[in-house]
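Should a chain be cited, it is by its letter among A, B, C and D, assigned in written order, with residues numbered from 1 in that chain.
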Amino acid sequence: MNSFDQLSVKEIVDEVPDGCLLGIPADYSGVPMQFTKELIKKGIKNLRLYCLPLTTIQGDMLIGSGCVSEIEAAAVTLGEFGLASRFSEAIEQNTLLMKDSTCPALHAQLQATEKSVPFMPLRGVIGSDIQKHRKDWCIIPNPMNSSGIKDEPILLLPAVQLDVFVFHAACSDRNGNIQIGRRRELATLAHASKKVFVTVEKIIDEDLFENELSAATCLPALYVDGIALAKNGAWPCALPGAYKADNNEIKNYSIAAKTKDGFNEYMKLLLSK
Amino acid sequence: MELNIKREELLISQLADLLVNDKHVAVGAASPIPGAAALLAKEEAKIKNKRLRVTILHSNKYNNFTDGARELFDCAAQGRIDTFFLGGVQIDGQANINLVGTGTYPKLNKRFPGSFGSALMYFVVPQIILFREEHSPRTLVNRVDFISAPGVSEDNIYRPGGPKYLLTNRALFKFNKNDKKFLLLRLNHNETVETVTNLTEFKFDVDKNISEMINPDNERIHILRNNIAPMVSEFYPEFAKRIWDV
Amino acid sequence: MNSFDQLSVKEIVDEVPDGCLLGIPADYSGVPMQFTKELIKKGIKNLRLYCLPLTTIQGDMLIGSGCVSEIEAAAVTLGEFGLASRFSEAIEQNTLLMKDSTCPALHAQLQATEKSVPFMPLRGVIGSDIQKHRKDWCIIPNPMNSSGIKDEPILLLPAVQLDVFVFHAACSDRNGNIQIGRRRELATLAHASKKVFVTVEKIIDEDLFENELSAATCLPALYVDGIALAKNGAWPCALPGAYKADNNEIKNYSIAAKTKDGFNEYMKLLLSK
Amino acid sequence: MELNIKREELLISQLADLLVNDKHVAVGAASPIPGAAALLAKEEAKIKNKRLRVTILHSNKYNNFTDGARELFDCAAQGRIDTFFLGGVQIDGQANINLVGTGTYPKLNKRFPGSFGSALMYFVVPQIILFREEHSPRTLVNRVDFISAPGVSEDNIYRPGGPKYLLTNRALFKFNKNDKKFLLLRLNHNETVETVTNLTEFKFDVDKNISEMINPDNERIHILRNNIAPMVSEFYPEFAKRIWDV
């Protein structure tokens, strides 16, 4: 028996039900674009996206394709290529629920789930309009005598359990361990998700746990429910340590996506490839 | 010989002056001018036999972290980052910043990316430098439409950090925490207190020793163009090409 | 100028004042035994030890040498060589204050400091005598509507800020980055400590951050206040990935330390080396 | 041919039987018998084309973690560990365990190492197997002197996990959570309900189908001696040498 489940990208898509809470990696930690394309092709609906802590083209495409009902993020942006137009338009036209957050809050909510505690405290944030609009957050007076300022209000953030998390990585070893390097936010996302699937550039015939140093670069196989090969699977996004972003393509997208029609045309071409 | 100084070089030089006492400067996403300033300050510190650590997000080379994307925020919360830069779609006279959009939240007229990590960084980094090139009544407003992070907090809020300076294309302000008000310190060439007042919606004080921004000297320009420009081109290639043609 | 401060082991000892709260690594994460020997030689007093989460011969030696007034740990043990006799005797004779804890609580208290929050919640523990005797811990009703069981009591643990943390590692690179492999609890300890010093087997003329994979194995130099060379510096403890424990020596220690006299004789010989 | 089964091999076999439905078994420090049982169960699962993951602390080879020493506890809290083993200086009839010492805390007569991670693991791992070779009125007491981790909790306490079995040199008990009481299931060879009752300070129920521990069959013994013994010698060399001379 294989020591892990090797799937196709389509089989991973089949594990993502309508309406589920899907974990979304930042542009620097392995965006699963080939998976995203298949997800859009399938016509998935009412996805709720949890971005750690932001999304770029992946989120904008899913929103533009009508797959998303809700998004929690610290930012949705195309970076140096400007605004994420499908996102901005959806907000301006009130067709998307945005749970505005801030990076450390998005990390802390998953760390709460990582530890199976109902909440995490966070400093800062109080007095911002982010905090004022988050009804799922609460503020309590500091209950500790032994630590902190005494009459300090403390912000508590709820644990968030993801349903599915999918990301793209350079490689898996023969036992299903995924090489993530120092993109350790991927481990946090995986720990906090019920199901985890990974698309990889390649599967190498090695045991990365044979050596303490290469082991240190891995997300252990025990958190991974299935792996699919996807050559160039982050394109046009970068895969850190493997390839850079295809900036021309992202620029083309950013221009096309400025209008609904331009976006539709772009996507029609992309999905037909 | 007087060199021809570019606007961006002057701003880099202004920012670098604010970093001379730091041990660790961090620079967020899409910030070529602060990034160049931090690297310039590091290079100048080295000459004086001092150590300045620079962390630039989105650069692999100047990424000092190994604990994932949360480490920037944890590190800042631990007090290990002396200076960080923040921007804003809008910045108001109490140093509130808005990175979310204009209009009445959540029904915005114009949606921008979002608050990123500002809502924590603004509280914990001792020297936050607000940097926004566009200086207009549209950007420097009386009251922001959405507070991504507040400029000041109540006394019972844990807040070792906060706004110290605001730099724009036209002027450098210092933020006075007690008065909750900006103080105009320096003017760019060709600017006057009057032009700046007209282009700023919020009210501010004027320093009695107000002066013009000083151009970087030849040594600094030399370091910037010869040493820093190629470093910047690693992670902001389009900016480096435009300014220095490298 | 050097990119880090290279010190002698004695200079590190000089950075550890009487009465300070000292972080202590477990036996699997690089015990700084050469440093410990010098600390005992100097006659340090009233150390408070914070063990993540346990200590073996290092803690027992410091206790037996009269250097310790207080210890917080989940265990003090010589592992397969039996009880830590100097520790057990100090407790039985009431000369040492023990703050009994449990491993995840010791991790969580440092993670609170890592995030600069006044406390961390933890599940479990409630109903144990550990919890009943910890006056610095508190229990509150779960204040979150959005997460957890509603009338559930939640245990809160205070943030603990260490004064100094010292550990031993295989190597530093030329910029002062420390290779820790997957012993990531060392990073947590470092993040939560005001000062951090490291003894290393060697300093290599490489930049471990030049490559994403080797970077992933490091504690970044920014957390390190000084580095000293100490060949075989964990002996007789193991250094993971480098050398195994000298079990004969630990066994000899365990036998000698059974009595106060035996311990004193053992230490006299050890310190004279 | 009937093989000569060692006492330790019988205990390993008893434990392995309890792991057949698991996907992930973790084994703590200084636990050669549970460690061998987990590896045996893994090997037998492989033969049946099933996957069983084994994490053994203090082994580099069977350490599945990369997030530092806290990952065992986080992983367990996430519900990703099905079985874990705990011991105790004392274990009482309500399955409270004491790893700290005897006497009146904090003034103990005899101090033992401490509670390790028991105070969390006992709450979150669905199947906790208590394992204590010594079966005597000194170890199996009416009431522990110190509760490192309680056997049962109030209903409003988050507790997906808890004690399921207790194995000693003499007997295997199942813990009944509702009655808060152990049930004697199996006896070692040469033991009777009477001998076990006399050597147990706490009261327990006796299963109506109580039986003798079954010796491992030849196939299991073969796997244990040929495949598992060399693995165990990697991280418990003294144990492996004593039992199997490897």
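By definition in this document, a contact is a pair of C-beta atoms (placed from the backbone, for glycine too) under 8 Å apart; a residue touches a chain by one contact, two chains touch by 3 or more.
Keep in mind that what you see is a predicted model, and the values were worked out from it rather than measured.
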*Hey, what chains does chain B share as contacts with chain C?*
A
*Would you kindly tell me how far, in whole Å, the mean C-alpha position of chain B lies from that of chain A?*
29
*asked:* Taking the mean of the CA coordinates per chain, how far is chain B from chain D in Å?
replied: 59
*Inter-centroid spacing, chain D versus chain A (mean Cα positions, whole Å)*: 39
_Where in chain B do residues touch two or more of the other chains?_
60, 63, 65-67, 73-74, 77, 124, 158
_Junction residues of chain A - those touching two or more other chains_ = 104, 115-117, 122-123, 148-149, 152, 182, 184, 187, 212, 215-217, 240
*asked:* By the document's touch definition, which label belongs to this structure's chain graph: line, ring, star, complete, or other?
replied: other
*Taking all chains into account, which pairs touch?*
A-B, A-C, A-D, B-C, C-D
*Which positions of chain A touch chain B when the two form their complex?*
26, 28-29, 52-54, 73-77, 79-80, 83-84, 87-88, 91-92, 94, 98, 100-105, 107, 111, 122-131, 133, 148-149, 151-153, 182-188, 240
_Of chain C, residues touching chain A in the complex_ = 104, 108, 112, 115-123, 136, 138, 140, 142-149, 152, 154, 156, 158-159, 179-182, 184, 212-217, 240-241
*Would you mind writing out the residues of chain D in touch with chain C in their complex?*
29-30, 58, 60, 63, 65-70, 72-74, 77, 99-101, 105-124, 146-150, 153-154, 156-159, 238
*Which bits of chain C are touching chain B when the two form their complex?*
1, 3, 113-117, 184, 187, 191, 209, 212, 215-223
*For the chain B and chain C complex, residues of the former touching the latter*: 24, 46, 49-51, 53, 60-61, 63-67, 73-75, 77-80, 124, 158
